[in-house]
Amino acid sequence: MWISRVIRLDPRPRGFHLVTREIVEALPELRDVSAGLLHLPLLHTSASLTLNENASPDVRRDFETWFNAVVPESFGGWTHTFEGPDDMPAHVKASLLGPSLTLPVRDGQLALGTWQGIYLCEHRDHGGARTLTLTLFGE
Amino acid sequence: MWISRVIRLDPRPRGFHLVTREIVEALPELRDVSAGLLHLPLLHTSASLTLNENASPDVRRDFETWFNAVVPESFGGWTHTFEGPDDMPAHVKASLLGPSLTLPVRDGQLALGTWQGIYLCEHRDHGGARTLTLTLFGE
Amino acid sequence: MWISRVIRLDPRPRGFHLVTREIVEALPELRDVSAGLLHLPLLHTSASLTLNENASPDVRRDFETWFNAVVPESFGGWTHTFEGPDDMPAHVKASLLGPSLTLPVRDGQLALGTWQGIYLCEHRDHGGARTLTLTLFGE
């Protein structure tokens, strides 16, 4: 069983956002998979996906604070600056966190840990909608 | 061929630990796969998995030193502090390194490089046992 | 359909290099896959793979500058130094960026975003040729 589908996530402000529900709702075929995997790749180079704590909004805010401190717009080494001060930090953050997730599927649902949620990490000030090519496969 | 299995890794102290053997021993069916993949996701948000050098313990110690320096408990930006000073740094480290690995399987074994080993990266002071949902698939 | 193949990437100087074309040309069977995935793992612990902007060489140069600033050879905490000053930083950079990519394949080609290219991130001064075990699977 192979399902391949392009979906768009609504535009979000710069920061870290929980999108687990939005992704699950785009994929009703999840419930037909007893054992499989879901591959979620963003088709962008200035946003990323990660798994992290799905409860406290302050965790997501602290992610934004830490990444801005360590990959700052004011870093003196940037030469690629013509797309705006938020562009080059966004590229580096995107590769630190990674462009895709692969998630286990069991008994018709994503087999995430109790505290795990899918974060869309929007690193641009005005990133717009973000596109993913979902691949669901298994039996 | 799809095999899905939940395993637990024994509790470890904070730091970086080689767990290749523990994972291979939990999966005797590896030897029946001529070409395939093994997907290894942790179900936690304060520990991570990575591949790195499997020989010198000082490499793993230097990982711990560097990550503590760059994601310090003393960072002034943390607001999510009620779960202890090691909690928020653990979340950030977990996403920097990533929650899962996908590894190639060839001729009945993990096809890792000569120097590659699987690290369990335990970012909490008292993280306890860590759970994985292994998926092995191939032919 | 399962194809497993070992390929070697030509030696590159330390830095970030676009290798999309080299990988696609090593895998003519891509054109026979209507929906599938390509798994690309490096068998090394001092180089890495990531997806990022495929147009401006200055983006790749800024990656090198930033990573050298944040994971410097001069970091006072390194104890694993007998393989040279570029060795331990290379191990940490390799795990920050990750050892492998999983990419979607649709309609006979890699389904990357318009601006996405595959970077070989060479973290050693003289890393030599780098080996990958490609796995292509799908239908």
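Note that the chains take the letters A, B and C in the order they are written out, and that residue 1 is the start of every chain.
Convention: contacts are C-beta pairs under 8 Å (C-beta built on N, C-alpha and C of every residue); 3 or more make two chains touch, one makes a residue touch a chain.
No experiment lies behind these values; they were computed from the predicted model shown.
S.K.: Only C-alpha atoms count here: how many degrees separate chain A from chain C in terms of the superposing rotation, rounded to the nearest 5?
M.R.: Between chain A and chain C, the superposition angle is 120 degrees.
S.K.: Do chain B and chain C, two copies of one chain sequence, contact each other through the same residue numbers, with over half in common, or through different ones?
M.R.: Different, since most residue numbers here occur in only one copy.
S.K.: Taking each chain's centre as its mean C-alpha position, how far apart are chain B and chain C in Å?
M.R.: Comparing mean C-alpha positions, chain C is 20 Å from chain B.
S.K.: Quick check: what residues of chain B touch more than one other chain, meaning two or more?
M.R.: Within chain B, residues 70, 96, 98, 102 contact more than one other chain.
S.K.: Which residues of chain A touch chain C in the complex?
M.R.: 2-4, 39, 41-45, 70-71, 75, 77-80, 88, 91-92, 94-96, 98-100, 102, 131, 133, 135, 137
S.K.: Enumerate the contact residues on chain B facing chain C in the complex.
M.R.: The touching residues are 35-37, 50-53, 56, 58-59, 61-63, 65-66, 69-70, 96-98, 101-104, 106, 111-116, 119, 138-139.
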